[in-house]
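Okay, got some structures for you below.
In the two assemblies presented below, subunit A is common to both, partnered first by subunit B and then by subunit C.
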Partner chain A sequence: MNIASATQSASGASIRISRLEKRFGAVSAVDGVDIDIAAGEFIALLGPSGSGKTTILMSVAGFEFPTSGSIHVDSEDVTYVPSNRRNLGMVFQNYTLFPHMSILDNVAFPLKMRGLRAAERHARAEAALATVRLAGYGHRRPNELSGGQQQRVALARAIVYQPRVLLMDEPLSALDKNLREDMQLEIKRLHAELGITVIFVTHDQSEALTMADRIAVLKDGKIQQIGPARQLYERPTNLFTAGFIGEMNFVGVTVESVGDNVSVTLPWGETWRLPATAAVEPVAAGEAAVLAVRPERLQLGAGSGGQVITVTLSDIVYAGAALLLIGRLPDGTEMRARIPGASQLCALAPGDVASFTVPVEAMLLYRGSRR
Partner chain B sequence: MTEARRSHFWHSDGRRLSGLSTLLLLLPFFAIIAFVFVYPILQLLVISILEPHPTLENYARVVENPVHMRVLMRTLWTATLVTALSVVLGFPVAYYMSRAKGTVAALVAVCVILPLWSSVLVRTAAWSFLFQRNGLINSALMALGLTSQPFKLLYTQSAVVIAMTHVLLPFMILPIYGALRSIPDDYGRAAAVLGATRLRTFLEVILPLSLPGVVSGSLLVFLTALGFFITPALLGSPQEMMISTLVSKQIREVLDWPFAAALVGVLTVFVTLLAIIFSKTLRFDRLMGNAS
Partner chain C sequence: MKPPADRGSLALGAYVYAVLAFIIVPLVIVIPMSFSQNDYLAFPPSGFTLKWYSEYFDSRQWRAATWLSVQVALLTALCASVIGTAATYAMIRGRSRLVTAFQILLIGPIIVPHIALAVGLYLFFQTIGLSGTIPGFVLAHTVLTLPFVVFTMAAALAKVDANLEAAAMSCGATRFQAFRLVTLPLVLPSLASSALFAFIISFDEPVVSFFLSGVRQKTLPRRMFEDIEQNLTPVIPAIATLLIVLSILILLGAHVLRSRSVTR
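Coming up: the complex of A and B.
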C-alpha cells in the first residue's frame, strides 16, 4: 500500500443515493430520494418520525435492501452488498455495546472480525479509546459506564477500523441535554480530525443545524429541501420546511398582482407591496398565498423599511436572552415576536396593543394556504 | 434507584401496602412451599438418619451396593443425555421462534406449548404405541426394507431417553426463547456493520447472550429428568431402573422408608452440588448486565 492510498483510506468517501425507493406493502417509506454526498461532508437527515430518514440510513448500512434505486460509495455500487462487507462505521441510538464483553473487547471487536492478532487489535482499541478521551476504561464492563461514556465507546468502536463513512442513527437522543451538547462537539471534532463522511439521522432540528454541513429535510419519504443550515433557515423553499425548521409566523393572503413587485391583500383588507424576491415559489394573481416571517425579525414599534402591523398581546414570556411576545393580528391570526435585550419592555402587559415593523427583506411568500 | 428496585405491593390508589398486608399476601404461597416441599424433604432426611436408630447405615447401603450406585449413575447419565439432546434440538427451535413473525411465530409457539396441555402420561403412552414390536416405527422400517426383523424399542433405555427428551423439550425451548427475545435487534445489526459474518455474529454475540436461557433451561430439564417417574416406569426396562422407580419400589413394595429416604438424600446432595457449581461458574448478572 502506498502513501497516497493510505491517506485516502483515512479520509471520507463520497456517497450517491439515486432514486431510492423502499415500499413496505402499500406504504412507501422512501419515495424517490436522491442525495449526493461529497467526500468528507457531514450531512444530517432531518424529519419527523415516519419521514423515511431511518429507512434511508438502514439502506446505506445494508440492513434494508431498497425496492428500487441505488447506493454508491465512491464509485462502487453497494446497494445489495451485505452490511459486513460495506466497511462502514455506525453508531446506534442505544449504544449497542455488547454487554458480555469488556470495553476494550467491544472496541476491538471489528478488528477481531478483520483477523487482526490480539496484541495489535488491543493496541489500536486503546488508541481509539484515547481519541474519545476514555483511555484506561478498557477493562470495565459497558454497564459500569454512564450513557455518555457508553456512546463515546460506541463512537470509538465505529472508527477504530478507519471506515470512510460514519452512519449515526439518532446517537444523542438517549442522552440528557448537557451531555448531548458535549457529544455534539465531540462528534464535530472527530469529524474534523478524521475527515470522515458522516450521515447523521436526527429529529432534533437544532442538532442538525449546529452540526451538519448540509441538512436534508424529509417528509413522507420525500426530500423537502436539502442545503446548508443558513439556506434552510433563511429561505426555506416550501411551506413544510418553513414550518418545520425553527419558529415561523404565517399569515394567509390573497395575491393581487405580480410584476416587479408582488401585491398581496391581508386578511384585514390592507394591501402590501412586496419585492418580487419575497416570492419563494411562483405565485399568480388571484390565488391564495402564505406570507411567512420569523419571530426574531419583527421589530417593536412603527419604523421605516417595512410594513407595520398591530398586535393585541396575549402573553409576554421572559426567555432569558430574548422576550417572547405572543399576540393576535386584527383577523385573529397568532403572531409571535422575539425581541432581544428586552429589559426596557417591562411596561408591556397582556391586553396591550403593540405595533411591530416587518422588514421587507424578512418576508417570504409561498403558494397555497396553510391547512 | 435502590428504592425502585425494592419490590413492594401497592394499593390501586398508589399507596404502598403495609408490611403486614404484604406478609398476608405472600403467606399462602410460602405456606404451601413449606408444607408440601420443605417439610416432607426435611422429614425424609430425618428418617434417613434416625431410623431404625440414629445411624448412617442407610447411606452406607446406598453407596456400598454397586446395584444402587449403578441406578444412581444411570439416572444422572440419562438426565445428562436428555438435557444435552434438548439443548441440541431446542436451541434451533427457540432461535427460529425468536426470529419468526406473525402467523408463523404463532404456529411454532402453539406447536411448542400445546403438548404441555396434555398430561405426561398421555405423551408417554403415545410413545409406547409408536415403539411397540408392530408399532408405527417398526412397521415403517420394515415396509421400507431397512430391516427384516422388528427392533426391540419398547422397554429400552433409548426409548426412555427419546420420550423424556420429547416431554421435557418445551422446558428447554421457552427459557432459551426468552433469552433470545431479550437481545435487541440492534446487537445483530451492530455486529454485522462492524464486519461480522452471520456465523460470527451468532457465535460472538447471540450465543453468549443467550447462555443464561440455555443454563436455566438445562437446569429445569436436568432436575426434572432426575426425578422423572412415569416415562421410565412405562417405557424403560426393569433391568435398567432409574432412581425414582427404585425409590417408589422401596416405599411401596419393600416398605423400607429409611432406605428410600437415604436414596433421596444422596440425590439431593448431588442436585445441590450441581446447583452451586452452576451458579458459581456462570455469572449471569454480568452476562445480562446491560441490555437496555
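Coming up: the complex of A and C.
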C-alpha cells in the first residue's frame, strides 16, 4: 500500500463560521465572527493571546459550544455536534501522544475508534507514518522521540483516517526555531499533497504569513482583517493590523483638507500632500490621523517621488541582509528604516542626522491617533 | 582535617534517631512476645512457641472476625477507589464553582474525630438497620478512606494532560472511552496503590468498627479489644505481628506501584 492510496480519497471540506459568539460570564471571547473557508484552503487564525483564536478553533473542533452563531462543514450544521462525531483531524500544541501506547498504536487509535480490524489499522498507520517521514518508528514509545518527531506522529494520527479538515492549535510553538521551519514546510507539503482544509492557530505572524493562503487577524474576539498575506502586509485595513503585522512606523498627523489629494500637517509643522488612495480609512478635514510607513520602504538620502524627513540616528544595527537604522523625527517620534546593502553606510554613526525619502505610494493614512 | 562539629545538626540527628526508635520499639517488643511461652502478656518473653499462632488460626471466632474484616476491607477498597477516583476526576477536570465545597466534604473525615463520626454513624445506622452489617461497615469505612484515595488520585490525575482526552475525542473516542483508554491506564498504578491503602486502613480500623459491631458481626480489631479485656493472652501480639507483616507487604506493593507510575 503506498502513501497516495492511503490519502488520495481525502479532500478538503468547506467551512462556514457565521456570527459566532462565545461568552464566558461577562467576557466575550468571540464576538460575532464570520469566516468562509473554501474547500482545501489553508487559513491561519492570528492574534495575541486572548484574541479568541483558540476559542474559534475549539468551537470548530467541538470542544466548546458557542453561545450563538453556527458552524457548517460542507453545508452540514455541526455547531452542537460532539467532537468525537465531527471527523476532524486535530493537532495540539503539546503533542498529546498517548504515553502508554506505542507510536503505531497512537497513530492507529482513530482507526480503532472507527472499528477497523487490527491488520488494516496497522497497515494504514504505517502508511500515515511514512507520510510524515517516520516509517519504521512504530514500535517506539512517545518518550523515545524528539519533540519534532512527536509532533509529526501527532500529525500522522490526525490525518490517518483521512479527515476533510485538519485543525492545528499552535502546533509548532513548543519546537525550537530550526525544527519549526522544517515543520512549516512539512505541513505545507502535506496540505498540498492531501488537499485537506486546514485551520491553523498561531500567534507567530511570520508563521501565518509564510504558511497560510489567507490569514484572519483577531483582536478581542473580533476579526480585524482577513485576507492573503500580501494584502495584509501591504495594505492593512486598520491601525491594529498595521501595527500587529510586521514592523511599522507611525506618525500622528492632522488632516487639513480632503479631495483629490489629502493634505496633512506633520507634528513639526510641515504640510504634505498625499494621494487620496493613501487614506485606507475615510478621513475628514480637521481630524487627527495616523500616517504609517514600513521601515523597508524608507530610502536613504533626499530623493524625488516622495517626502523627505530628517532623522537623528540613535542606533545603527547590523542585521545581516539589511541595516536597521533607528532614530527620532524632529518632534521625537521614533522612526525605523531598514536599508539593504549595508556596505555604503558605514559612514553613519549614532548622533548623525540623516535624510530619508518616504515614497508617496508607501504612505498609509488611518483615522484616529496612535496611543 | 575534619569539618568542625555542628551542634545543631548533631542535635537534629539525635532527635531523628529518637523518633525512629520510638516508632520501632513497639514492633521490637510485640514480635518476640508473640512467641512467648507465658500464658499472659509479659516482657521480656520466655521460651519459644508457635502455639499462639495456631490458637489464632484454629479458633472459629478469630477466623470469623478475620473473614469479616477481609470482606469489609476488600469491598471498602473497591468502593473507595471507584468513588474516590470519580470524585477526584470531577474535582480536577470540572469547572463547577462547587468544587471547593466538594473537596472539603471529601477530605472532611480526616479532620472530624473518628469518635464523633462513629457516634453519628452508630445512631443513624441503628435506626435504619445497617448497624453490624457488611454494607454498614463498608459505607462507614468508605467515608473514612476516601480522603486517602482523593489525595493519591489528585496527585496522579493532575499529572495527566487534560488535552490527552481532548486528543482522544478528536480521534473519535467518546468521553468515557477517552477516560477508559487514555487517562485510566495512566493513573492505574496510583489507583491500585490507593485501593491498597483503603484496604489496610479499613482492615485495622478500630473506632468506628467498635461502635458498629454487633454481637455476632465483629471485625478483627473489635475482637482483639474484647480479647484484651477478657484474656490478654499472647494471641494478641501474634495477630499484631501478622498485621505488621501484612501492612509492610501492602506498603511495599503500593510503593512499587507508585514508582512504576513515576517512571512512565
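The rule is simple: the second predicted complex is superposed on the first by the 362 of 371 C-alpha atoms of A that agree within 3 Å, B and C clash if a C-alpha of one lies under 4 Å from a C-alpha of the other, contacts with A are read in each partner's own complex, and residues count from 1 in each chain.
Keep in mind that, in the parts below, a residue touches a chain if its C-beta (ideal position, glycine included) is under 8 Å from a C-beta of that chain, and two chains touch if they have at least 3 such contacts.
What you see is a predicted model; the values in this text were computed from it and never measured.
Colleague: Looking at the overlay on subunit A, is there a clash between subunit B and subunit C, or do the two fit?
Modeller: Subunit B and subunit C clash in the superposed model.
Colleague: Please indicate which partner A:T277 is in contact with in the superposed arrangement: first for subunit B, second for subunit C, both, or neither.
Modeller: Neither subunit B nor subunit C is touched by A:T277.
Colleague: For A:R114, select first, second, both or neither according to whether it touches subunit B, subunit C, the two together, or no partner.
Modeller: Touch partners of A:R114: subunit B and subunit C.
Colleague: Touch test for A:N261: subunit B only (first), subunit C only (second), both, or neither?
Modeller: It touches nothing on subunit B or subunit C.
Colleague: Just subunit B (first), just subunit C (second), both, or neither: which does A:P142 touch?
Modeller: Touch partner of A:P142: subunit B, not subunit C.
Colleague: Touching A:A61 in the superposition: subunit B (first), subunit C (second), both, neither?
Modeller: A:A61: touches subunit B and subunit C.
Colleague: Determine where on subunit A the residues touched by subunit B overlap those touched by subunit C, and list them.
Modeller: In subunit A, residues 61-63, 82-84, 86-90, 92-94, 96, 98-100, 109-110, 113-114, 157-158, 161, 167 are touched by subunit B and also by subunit C.
Colleague: Which stretch or stretches of subunit A touch subunit B in the complex?
Modeller: 61-63, 82-84, 86-90, 92-94, 96-100, 109-110, 112-114, 141-143, 157-158, 161, 167
Colleague: Mind pulling up the subunit B residues that touch subunit A in the complex?
Modeller: Touch list, subunit B to subunit A: 184, 186-187, 189-197, 200, 204-205, 208-209, 286-292.
Colleague: Once bound in the complex, which stretches of subunit C touch subunit A?
Modeller: It is residues 161, 163-164, 166-175, 177, 181-182, 185-186, 264 of subunit C that touch subunit A.
Colleague: Can you list the residues on subunit A that touch subunit C in the complex?
Modeller: Those in contact with subunit C are residues 61-63, 82-90, 92-94, 96, 98-100, 109-110, 113-114, 154, 157-158, 161, 167.
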